Structures are given as C-alpha cells and as structure tokens.
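My structure is below; once you've seen it, I'll send some questions.
Chains: A, B, C and D, in written order; residue numbering restarts at 1 for each.
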Amino acid sequence: MFKIGLLGAGRIGNVHAKSITAHSGCQLVAISDVNMASAETLAASCGAVARSTADIIADKSIDAVLIATSTDTHSNLIEAATAAGKAVLCEKPVDLDLSRALACQDVVAANGRPVMIGFNRRFDPNFAALKRAFDAGEIGKGELLSITSFDPSPPPVSYIKVSGGIFRDMAIHDFDMACWIFGGLPESVSAVGTSIVDPAIGQAGDFDTAVITLRYADGRIAVIKNSRRAVYGYDQRVELLGATGLLQAGNVLENTVTKTTTAGAIGAKPEFFFLERYMRAYEAEWSAFIGALQTGGALPVTLKDGVNALAVAEAATLSAKTGVPVALKDGKPVQP
Amino acid sequence: MFKIGLLGAGRIGNVHAKSITAHSGCQLVAISDVNMASAETLAASCGAVARSTADIIADKSIDAVLIATSTDTHSNLIEAATAAGKAVLCEKPVDLDLSRALACQDVVAANGRPVMIGFNRRFDPNFAALKRAFDAGEIGKGELLSITSFDPSPPPVSYIKVSGGIFRDMAIHDFDMACWIFGGLPESVSAVGTSIVDPAIGQAGDFDTAVITLRYADGRIAVIKNSRRAVYGYDQRVELLGATGLLQAGNVLENTVTKTTTAGAIGAKPEFFFLERYMRAYEAEWSAFIGALQTGGALPVTLKDGVNALAVAEAATLSAKTGVPVALKDGKPVQP
Amino acid sequence: MFKIGLLGAGRIGNVHAKSITAHSGCQLVAISDVNMASAETLAASCGAVARSTADIIADKSIDAVLIATSTDTHSNLIEAATAAGKAVLCEKPVDLDLSRALACQDVVAANGRPVMIGFNRRFDPNFAALKRAFDAGEIGKGELLSITSFDPSPPPVSYIKVSGGIFRDMAIHDFDMACWIFGGLPESVSAVGTSIVDPAIGQAGDFDTAVITLRYADGRIAVIKNSRRAVYGYDQRVELLGATGLLQAGNVLENTVTKTTTAGAIGAKPEFFFLERYMRAYEAEWSAFIGALQTGGALPVTLKDGVNALAVAEAATLSAKTGVPVALKDGKPVQP
Amino acid sequence: MFKIGLLGAGRIGNVHAKSITAHSGCQLVAISDVNMASAETLAASCGAVARSTADIIADKSIDAVLIATSTDTHSNLIEAATAAGKAVLCEKPVDLDLSRALACQDVVAANGRPVMIGFNRRFDPNFAALKRAFDAGEIGKGELLSITSFDPSPPPVSYIKVSGGIFRDMAIHDFDMACWIFGGLPESVSAVGTSIVDPAIGQAGDFDTAVITLRYADGRIAVIKNSRRAVYGYDQRVELLGATGLLQAGNVLENTVTKTTTAGAIGAKPEFFFLERYMRAYEAEWSAFIGALQTGGALPVTLKDGVNALAVAEAATLSAKTGVPVALKDGKPVQP
C-alpha cells in the first residue's frame, strides 16, 4: 500500500484525487496547494490531510507524489521529490523551457527515482486500441498519421499569456501522441499558426488555430490540426494510414441516441471536454503508475517522453514564428 | 435485340421506360395506357410508338411486355401476353385475389412462356449484398429476420380503398423479402394492425401501422414492421440474426455530409421514396430479366414467388382481422 | 447517511456493492448470502460485516436493504424488510408468479415503506436520453416501438429450468421498457417463441428466440425481439417511430476504433454483457434510490412497475403456449 | 441541341461519352483519338463518327468540344477550339506549366468563347452539399479546412515521370477544392512530400505521400493530405471547422451492409476509384456545362480556376523541393 502525496488541489488535482482514492493499491495521505483552503477542502473529502508542499516532500513515510501544480513549478518539484526518494507522476508539460527540462532530466537520472509524465491520452481506451492494432501489424508500416485536437473554447487571454503558447500548452499532447505512435522524434517540424478565432490571442503573441507537420527520417509524416474552439465540444481523433490499411480512433459521444426527422438524422456531440472524455484515461494512467511501482517494471511514459514532446513544441514554436521548417538534432531544435 | 412493349405509362411505367431504353440488349418499340395521351407523351420521349394494349399483345414482332398497369388487370394481361408467346415482366402484386393468381399461374404454365414478377428490392445492391453474405454462410444458420419498411406518407384514402389493404399493397414486398431470404413460405402468420396515423384509413377498413410475425416450420422467425408514415423518408432496412453473427442492410442516405454544432451531429435523411432509393434496383431488375431471356436461364423472380407473397399477404390480412395466427398449408392460408 | 444492508453476494450483489460504497450518501454496513463465505469475502473488501439475512432485517439501525438474492425469495424478503420499516431496492423480477407478486404488493401497501424494483435499463444514459426526447415531444405521438434485446449466449439449461422462462427472466426488462416508454400496460400481448438456438432449451419447455407484439388500446404497437444468443455481444437497442420522427438508441461499443483494409471497415462490437453495458446504469439506479430517500420524493421505479412487467410476461408466456393473443384486463392476463 | 465533338477516347473519354450521349440537350457527333481504333470503337457504341481532331475542330456544325486528351495537348487544343468558335470543357489540369496556362488564358480571353475546366469533384453531391451548407452560413466563418485525398494505388512509374508530379497531377483537384470552398488563392503554400510507399517514385523525382498547408491572408488554413496508396480504395473526404460548427463530407461506401460477429462489426469499403465514386459527378458536370451554354449563364468552373489550381500546384512543388513555404503573389508563386 503506497502512501501518496498530492501537490496541487486545482481542477486536475481534484481529478487525480479521485483516481488515487479509488485505487486499492495506494492511499492518499496528504494534499498541498498554494491556496491552503483548496487543499483542506479536497483533503477533507478524501480522508487526507492538508499540509505544505515542503512537508509532504520531506515526509519519509510518503512513497510517491503526484504533481498537479502550475507548470513553472514542475521541474523544481520533480527534482526535490526525487531527491527525497519519492516516485513521481507529474502533469504535462515538464517545463515551458526545454533546457530547464533537460537539466531536470539530468538531476532525476542522478536521483535514480522513477518519474512518469501525465500524458493521459495514451491511456484513453480508444487511442490505446489503435496503438495496439498498429503495433500488432494490422495495417503494416505506418505512413501518414493525422491528429485532430480541438478544444471546445479558448482559455482566457490571461492564461494564454503564461501558457507557453499553443504548442507547449495544447499541442504538446499531440506531439507526445505522434512520438508514441511512431516511436520517436521526427527530423523536422513545420508549423503554421494563426489567430482567426480571437485576435486578442494573436495580440498576446499566440495562435488559436495551427497545423503542424512532422517529417520523420524514413519518410513518415504526421500532421496535427489544432483549434482552440470547436463549439460542439472536445474533438479528439487519430487516424493512421499504413501500407495495408487505415486505423481511425473516433470521438466518444455523449450518448448513442439518434433522432431522424424531416431535418435529418441528429446524433450526440462529442463529450464536452477532457474531464468527460478522459475520465477513464486518468484512472488507467494512475493504475499504470502504481502498477509499475508495484512490479518495479518500466513506466509507460517517461520523463524522456516529456522532454521529447517539449522539444517538438519548441521546434513548432520556432517554425511558426520564423515561417520555415525547424530540424531536430540530438533531441533539440536547430535554430533555422 | 429484344423488342419490348410497355403496358402502362404511369409513374412506374415511366421508371421502367428509362431502364428499357438505356439497356443495349433491347428496344422499347410500343407503349400503351388507358390514357392514350400519357402513352403518347412517354412514347415521344423514348422513340417508341403509342398503341393500344391489344395491338401490342397481338404484334408478333414484340418479344416481351412489361406490365405496369393497375393491379386489377395484371392476371388478364399476363395470360393474354403469354398466350401470344411473349415473355413478361409484371409489376407486383400478381393480383389482389389469391385464387385468381393461382388460376393465372396454371394458364402461364400451359402457355410455357417466362413470367417474372417485379420485386425490385431483391435487386437493391444493399439487400443483394446481405443475401449473398448470408447465402455464403457468413453468419451461419438464419434465426431471426427483421424487416423495417416505412413509407414517407400515406396514399390518399381513395387509393387505400382499392389497394387490397396494407398487406397486399405494401407489405407484399416485405413478404417476398422474407420468402427470398429464408427460401420459402412460413408455416404461420400473425399480424397486428392499427390505424394510428390516420383514422380515415381505419374507417376505410385498412391499417396504417402493422407488425407481422412469420414463423417457419424449423423455428426461424421473421418480423416485419410497416408504417405508412415516416416523415423523414423511405425507411427500408433488413436485419438478420444468425448463429454466428448479425447482418444489417441500412438505409441509403441523401448524402454523406454531417454537420456538428452545439445542437449535435446532424446527417442526411434516407432517400425520400422508392424512385430515389430503388432507381439502381429497377435498372438491375430489367437487366436481370433481359439477361435471362438472352441466356435462356432461370428468372431470378418467378410468378410462383409472386403467388407466394400474395398467400402471405392474404394470411396476414386474415390474421389482423380475426386476431389469431393463420397457418399456411400447400401455399394457401387455412381459415382459422 | 443511510445505513444499507445488502442481501445476496453473488454476481449482481457484487455490482451493487460497488455502487453503494461509492455513493457519498450511504454506507454499506452489512452483507448476507446463502453462502456465508461469499458474504464474508465481499464484506471484507467493502468495510462491511457479513451477517445473516434475518439479523440484517432485524437491525433497526439499518435504513434500507438491497435485495439481490434468488428470485424465489424476493417477495418474502420485500415483505419482511418493509415490515421491519426498511426501504427496499429489489432486483427484478418481483416474483415468478403474478398472484404472489400482487399479494406482496398489498403487504407493502400496508407496511407503507418505499420499494423500488431494479429495472436498471431505465437508468442507461442512452435509453434515458431517448425517453427524455420522446417525453419532450421531439417526435410527436409515439406509434411503433421496437426493442431489440439479445444476450451473448444462453445460460445453462439447469438455470433455464428454474428461470420462469424467457418472458419472465429476460423479456421482463423489455416489457418494463415498453410500459415505461409508452406509459402503461398494453391491452393485448401476442408472443411467438421457438428454440432454434438450442433444442435442449425447447426440451426444457422454454424458448431461446421470441418475438412479442404488444398492442395498446389507442393503436400504438410495441414489438420486442429476443434471442438468447448474439455471439457478438449484448445487443440492446430501442427504436421509436412517432408522428414527426424516429428515435433510436444504439449499442454502446467497446471502443471507437475502425480499421479499413481491403476486407472492409471493421469497428468494435457492442459491450459484451450487462456488467459492461449497464455499469453506469447500476450506479445511476442506486443514486436515484438514495436520492428519493433523501428527498422523500417519488421512486423512479415502483413495485407496481415490477408487477406490471410480470403481468405482461405472464400474458406472453400464455400466448406463446396457446398460439393466440392474450388480453390484459385490470392488470392481469385473461385466459384465452 | 448542341453538337459535341469528343477529343480523346481513353478511359476518361469513355466516361464523358456516356454523359454526353445520356444528355437530352446535346448530341455526340464526332470522336477523335491518337489511336484511331479507340475512337472508332467508342464512336460505334455512341452513334458518333470517328474523325481527326483537326477535322472536328474545323467542323463549323460542331458547337463544343470536350478535351480528354493527354495533358500536354490541353493548352493547344483549348486555343484551337476557341479560335474555331467552339465552347470547351477541358479535363484538368490546364497544363503542367503555369506560364503556358497563363498564355492560354490570354488567347481564350481574346477568342471570347467559354472554357470550363473539368474539376469533377465540385459536382460530387456530397461536396456540393457541404459547400452549400457552408455558403449558407451554417457553421459561420470557415477557419480550418482539411482535405483527405488518397488514391487506391500508385500509377506506373512511367506515368509518374510525365505526370508533372503529385502536386500537378493529383493534388490539383484538392487545390481547386480549397480555392473553391475558401473562395480564392492562399497567400502561401508549404508542402512536405516523401516517397515512403514506393522508393521508385522518389527516384523518379516525385513523392507518393504529401501534406500541403495553405495559409490564407486572413488567417484561414487549409491542409491537404495525399497518398498514392490507400489499399482499401479511394479515400475522399472534406472537413471544415467554422466558428459555429464542423462540416464533414464522408466517403461513399460500396453498400450499406454491416456484419457483426465475434470479430467486430464490418462494413463496406469506400467506392474503389474515381470512376465509381464520381460517376454522378461527371454527369452533373456535363449537365452544368450544357446548362450554361443553353442559358448563356456563367460557367461553374472557369479557366481561371484551372490556372489558380495550377499556381498552387507549382508553389507546392517548389515548397516540397526547397523545404520552405512559397508565397503566391498576383496568382503566381514567388521564388523563395
């Protein structure tokens, strides 16, 4: 029975708290947050105790921490927690800055504790089924991967400003999906971004609509489409063309009801946002983390995976700004 | 090059005229109609000549006739045309009266000319694909067959009164589908009918909504659902549960476009009515008729098939009226 | 915080134990089973105590019991529990015998405690969405209801023999669905049953394949198709034709992945059986029960609903045996 | 009744011959081909006469020609036919060389005869329905357009070598679709191409897999995915995200049959290739051409449209080779 500390009691911290308390192999003992009241409220509903982050990290009886704090604290907390001997599951992204993430990676290597990055989509049953079918050779060699990833509505511009930009904040999930499905980093990244949804997002130096093309050394191509606004909900689809077929993972719909009238046949929208769509994925993610701790087996998502996705995000950011493709070499973007 | 006479220049006669003229193996030479002007108009657009029915039947240069006249004339025309040595494709139903149809069958047997009944649905590419898959053993033994058959809107009550009732007029197609797919007649027929769509239909002694259950001697069951009104269009589906799987033939939609908004995902309706849905089926039906004449091979739908469907219709009519199941013996309903 | 006793620790008891423990408004305190070891195992995993059924019913601190024992004990336990002042959620069916169920209903009325019957399908999000749309008038007056309800594989013949037959054991869910959607009992029931899947089922006096047609006094018709074997999984669909449209609630599939190759486009099967398909329904059912206790509001499914479904099942059994439709009068089948 | 000459009796010439002969407003009188035997065979089946191209163009009784010859002859034939006073429907592309196409455009302007380019996809009922819905404002402002366009299998390398490359030969349809839907030319084009399907295609200097991103001046983005090989058939889909919704036009499937077994639910593949998928589109295209001649109304696709698509193709070719985006200025690519 692993004892778990949860750092961060915001929206995503609340999601994780449920998975942790529902899991029979661990116990949620302590919760921290910059807002102590949030930590206390969540702790009360979970049979845990609200404590400071420093206390939780220092507590030798706690085996692992789940880091669900703001992105700017991730690297520091990963380093501190692993230095204190703890296993870590940290929300994505590792950091907004690739060199900081790389430094963190070195520290973690020295500390020798397992660190998993929370790329929840790998644990979505649909994407996981697509990946299994692909790995089983069901469509032969993969050639052209397409990821559609639209949010229902843009976050406030105040958030956009500190988000690191659409590529680091939103597309990073899709970059991880591409690296996961295709098994590694592309050799170059081309990104086109615009702010057609909301000019204020452009004025804040970011994009709300983007297409990123990843080119792999052996000729495979992945293309990612992002929008901050699909009014109908969270549009999350993956499609992979291979030598002997096509795999598609579609949206999860709100229900299976269709109404046909003179106006046509109307069915349900996709689940609204990540809490609805990926609830089962968050549970499976946590199970996989605890499972790896229990068996001592390999983590299904590593810190290296988090760093790789960030490297693609940095390349995409650079490409969208300069207007030219950006190569990746030794896991880092090459200034064009 | 077969010379063809078309008897009947109404709506369905016009449909057939297109198939006949488009077929390279035959020539539409003459058209008759109770309304001579209709025959003339259609003939003019087809390069054919308007003549009387008697003339067409008497013309020895005409090889075959397509009978698309009103139902009450079918038996007589089939007899006259085969007596004159012609091959016949006759629209369904053979007759509204089973004993008349049986008598016609005897005459045709004596005349020794091929007669095909126009059960167009057998030639629908979707139902044909379902039938092929079933016959190929893809779902093992057939156990439970379901046919959904809804018209977009009821005909006028004046038509209802002379139609022979929903079972002879509308469900007869579905009875043929069941006999075709299951390969023969059921041993008993139970029908429930109501007039919930339009009470005037009930006052005319007919039903607008019905469910008919056919029970086969070996335990197979077929259930047919009919409605005279599905406001969204022509709903024509077949579903067959077998020992190792399920086959479903769905509707043909107006297009493949879907629009997803906050209201849901809206796609196209089914094709509106039989002219739209079964256009390709009518062409394939005519091709099959001419093909059989060319090769001397067996007709894909026989007069016997037409008589069988009528026997089921008569049993269903009787069952709906008496409220009890009606057995079929030697191809005829047994008075309950 | 309601204290709950669970009677029955079999497969469905285990399902309910999860819903009860996960619900924040109640506490699972005691579990009984004819097999004490089963009760103990389940109790251990739930923080509850294994006790005898009599003890649980006698314990005044327990507010409600969930009855998940074998069907033959339901009526007795409902009576005993309500006599002891407890609220009850009882698995379907109330009883295999309609007169016993009616007697139980009288006792419950006298005891004055709330009794809900576990018709879980009403709480399936898809069927519930269909019902809401219908009640909101989205397709006008309902005319023709179709329910497809296939199990993945037949139970052992030993179970068949004590099950009360396919209509009381399996179709009873569908009878409740029809009464729920159409708001009451039909006026007559026609059933056709065969044992084409497994002759041994026929030898045991039961059917494995059946079609039941319910006729309502105002002309509405409901048709139910049952099979004990759909090898591809649990096929659970509802379709309702109304004056202005069609509502369909489809199956819940295992995932959203499709693979298209030269062989066609292959997607996932339906969820395998009721535990997979109706997991969310069982949770919602329990929530609704506790919610009604908390507010003192009306139960969403009553003992009367359970009695009604049983009356239809008894009529269907009679109809399938005699071969003629059976009328329902004052909530009871009329011997034909 | 317009008299029509058909130049080219190859595969696509045969397709057009059907549309021309089936149309009641015109008559196919003459057919030419570099292979006179091909022209004769086709002419014999159409009631037309095989003649030389020069003869047909010189024949003053012929009102219009359909040019279905090899691409390298298009510009010359368009110029000659319009100089001879004929209306022209010419297969895409106008030319493999943009400057030649621009010169042709000037000649046509001087000759003052209508020239339509055969972008058949605009006449596909599904894409046309999507376009109508978009133009009607059903999803608000268009933001992100995605076109999937996969052929079933690559042409022979000998064809690849004279094809002008994937962008001029295959993607040109998609470029026209983007310009049609978005109403004009993008401001820049980025293309990534690889030859992962067949290295021989790469050795011939071409690509078999490509992603092209078009960026419009106002921030709209269109992304086009091409592959020369989707083994399951012709994959032709369009998807458009707008401010208030998403429009998707899906593939046309071979039939509507689904088979569900323990292996899953298998449905039909897309129609195999353009002859199957776009048969109705070719008919509608020809109808639109004749309709414009009859009414003197505007052509639905102009020579300018053909030139625009070619400009994008040239920009994409340049971008894929140089690895950087290519701007379009005054309808021409700007050398990067």
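Following the convention adopted for this analysis, contacts are C-beta pairs under 8 Å (C-beta built on N, C-alpha and C of every residue); 3 or more make two chains touch, one makes a residue touch a chain.
Everything quoted here is computed from the prediction, not taken from an experiment.
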Farthest chain relative to subunit B (centres taken as mean CA coordinates): A
Which pair, A-C or B-C, has more C-beta contacts? B-C
Where the centres are mean C-alpha positions, what is the separation of subunit C from subunit D, in Å? 58
Rounded Å distance, subunit B centre to subunit C centre (Cα mean): 41
Per-residue overlap in subunit C, given as positions that touch at least 2 other chains: 231-232, 244-246, 260-262, 268
Subunit B to subunit D touching residues, read off their complex: 22, 125-126, 129-130, 133, 138-139, 244-252, 254-262, 268
Residues of subunit A defined as touching subunit D within the complex: 141, 143-144, 146, 148, 150, 190, 192, 194-197, 209-211, 213, 215, 218-221, 223, 225, 227, 229-232, 235, 241, 243-246, 323-325
Which positions of subunit C touch subunit D when the two form their complex? 231-232, 253, 260-270
